[in-house]
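Okay, handing you the structure first.
Chain naming follows the written order as A, B, C and D, and within any one chain the residues start at number 1.
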């Protein structure tokens, strides 16, 4: 559903081409300084416009409509909305009968019995990540001094990211990438196993981000090829600091005070400039499809700030739930 | 916390060396045939005893103590418990002060302020997966005819699994592996985005299983090196069948009717026969640690049935939540 | 918290004198016809203006900002907001230090550490019932043909309600009342005991409405003075129809197909025209307080439509959760 | 469903005539001293045997099967079970076709499609209150020094309770009563409005107890006949102490530091010794029904300790959720 969290609790809403996109944050503690300007740096990082991102240009101005008074959070639900302005819905009208491969057109149509707002992906649109980034801004304030940084470390298998984007544009293709996230200054004791391990909650949120295909913590898939004596992180002092950090700062689902580190795989954007042959539900035949609209060549370019946001959201909930010393 | 699910809802409890381990399943529909014998095939697959698994021998006999009447589920909470019998707690007494690397000894001690049951990992023990497997048995009945199969496809990077185990035993080492899971006959429309995508809920449960370091769906990490035109699964008929299945049967977090497929990475067991140098909290020095007790050389050998179980649990909840045609 | 429901799930937000009040409804099934006009009849019933209600005049025009497309619910979260316009916040500025008796000024200040929006009660304001009424409009559509009707049956102990209001106005007093709610055409099988009995969920929501002091179902408090042979509702046909309905249409927390009926007690409005002697936190003395602002003489006059709404919300969630034949 | 609570979270299970009844408490903080003996005083208060209570004699010995180690709670789920011993299920075999008035026989049969365990009320049995009382024992430890006391203040409208019971026995009748509950030493700031007001959560749990027909807080139904100037509790010092306590120690759903006080109405036991005329589903006719089995003449006699338990459970959850100074 569209709610997440136990104590720091999000409720998101909105569609790509509807009136707005927004989020209500319940459980934000009172007394946190919040202004609309505070959202701008992360929103700017998420915004399109750079090479490889969609030419759709939204101002993405956040409007706080509840939960802030005299510059501070009140403890009541904090709602931020973004009005949609640069929408061109006519681009999408034919896609009801000719679902785009890799998109949720077909599943959305089936699950919602034909009533889903299909324009620009509707509620499935990556535009909903505006809500995540906004909640992340608040979450980052709550978990201070935890410091989260995510970076795109590879595009299409290439660490020269600029070149990989140029190559994709030249070919009329889209490309994917790997984003790595680290969080420093983590207290010991976050995480609520059995079910709510740190990895569980982060991965839950990560797979809510469109286009994510995998996640690995610390040693990740490489762990499957290591011996136990290599993989075990030997503790070297009483604070719990370890010699290596294959565990990604987590044991038994609980933070151990070392850095949290994980990587995610982002698929190539499903909308591509090239023709594709896919089934037309109306004609009952496989037919050529050329996708209009405006899209990202590499959506992974815009993922790091979203990944930081969901990580902060997960940690904020753990932080508020934990009874730390 | 120790609850999971919205409509098919688990509550698990127990410790490795306490009186018992168990699970209460709330939301099981009435009228499902259930007997204690039904649990045996999956419990047998999970049980130790084979080469590479711990010599601890538990009978693992399930006892249904509520929720079944005249051979059928009643609709009331269904509780299954397992008594612990083959426990040797003296093995663990020294580990309070000398936390084992890779285990939750240190984090458990810190989070629970020294009151955690440290014997055999206590509530963090892989023995808790008995509860997951049991719930999986019920879940598999609910989601029929969906068919779930998980297999260990590599150990320590080797598809000759037998050899990899022999090698690890010879070296006094432990090893990890890759487990792949497929689910066939999936209806269209399971999954509850935005937050409860199929990938989100499965990964949430997967990372509750001890020793998991990564998960990838369909193309997974490989997706980050593919072009969009390769990665897009072209729809070939009106049922939504696709030519390829890089999407793992999921678009926009919702099942599209193609097979669900994903892989997980299992780390090498943290308990190894070899000496390790790690911090002793009492002496305040790094000291040699030799771990007693009885352990798996390759815990991944016992993971497939657990992975099937959590997959079934996730799908059962989606199935009961969905308003399918 | 500010979320409620399992499948039909509300998230409310807003303050009396902030920018807006609103609600996001998650879990609304797709395909329900919804327009902004649909909200007007119930909003009109809630609105002030009649004798005994506050002279604050808000237009209360609902704006749907997500979840509706081409006149139908889409299955995505449906958000309705109301802009606040007729606010006069200066009226409230002195009340920070001199908390009003019967209001949440003191508890809000303490719980939220002085950061709560105190203007007009802030998030505690009865203005939040706009959100409940709006969600109720959607809920009523979902549960058709269930028919819910609530009426104010007594004011200040008097069935001549008009007279009771005149009397209160003449005295500069406020008065309370009794509201009765009935729901007809209820299917058998709604309710999810053990904890989520029909009475439990309705009373949970009812006590979220400001100013409610009690609730009783069917025979209610009178049951405590009846014999079992009188109180038992004898079943008279195979549909489960009963001769009497002291059970209020509920047995074991589950609807039995007879009418749901319950009554609630509404206290007199806390804000009164008369002087009151209460503690001034700043001066440290008991002092006279005269409350400015604009208030209801009898808030119970506006409660029936709110009570219908929360009843519909409870039943809609049960309806969507139940596996009815 | 059979779970309740956000941080102090119960999962209950069991049937009247099945193997056992029990509860798992998740979220119990570590380090609370717990032994099986600690449960006995409250279990003894709940047990039958006194005049007016059922002659069914269960030993009601609690067995802790998880979550306690070396005499303290561990922070892991704490499970307590009670084996059923004195069951005589043959008494109930005829009631499948001839549902008892006032019981859940009819609704249970319909909702669970004939698969419910009908013996002794099955999962609907008041025997499940064993689970509530057990959880209450733990909750009372958590919320110290809050002191909760509930008393039966009237039976069948009579404050001479002994006489009222004798009268009912002589007539082959059952009778109801009023139970009042007070909680002292309450901190300011418990309660999580908008939806989780103190009244909301307490009433939710109260209506999970079988046989409850109404609840009123402080002034309760009497509030509907009072003027605002009478009803407002004037604050008399800086701690928030009030001159009167019609608000029951709650404003805006949040505790104000004054005593919590509320009353509930308990209906007469549905099972009576007298003949009743009610519909027989098999014969299709209204027929005489004489109920066998062993029952309470006045179940209200056993309610006070259950009411204390649910009050403690509600307050424990609020206490663990709140960020008190």
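As a convention for this text, a residue touches a chain if its C-beta (ideal position, glycine included) is under 8 Å from a C-beta of that chain, and two chains touch if they have at least 3 such contacts.
All of these numbers come straight from a predicted model, not from anything done at the bench.
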item	value
If a chain touches subunit C and subunit D alike, it appears here	A, B
Result of counting contacting C-beta pairs for B-D and A-D, higher pair	B-D
Between subunit A and subunit D, centroid-to-centroid distance (C-alpha), Å	44
Between subunit B and subunit D, centroid-to-centroid distance (C-alpha), Å	37
Where subunit A touches two or more other chains at once, by residue number	1-3, 6, 12, 111, 113, 123
In the complex, subunit B residues that touch subunit C	6-7, 29, 321, 323
Interface residues, subunit B side, partner subunit D - complex	1-3, 9, 11-15, 18-22, 24, 26-27, 30-31, 63-67, 69, 72-79, 81, 111-117, 119, 122-123
Complex interface listing, subunit B residues touching subunit A	1-4, 6, 10, 12, 99, 101-108, 110-111, 113, 121, 123-124, 128, 154, 156-157, 168, 171, 173-178, 188-189, 191-197, 199-201, 203-208, 210, 212-238, 240, 242, 246-247, 250-256, 265-272, 274, 276-279, 281, 284, 286, 300, 322, 325
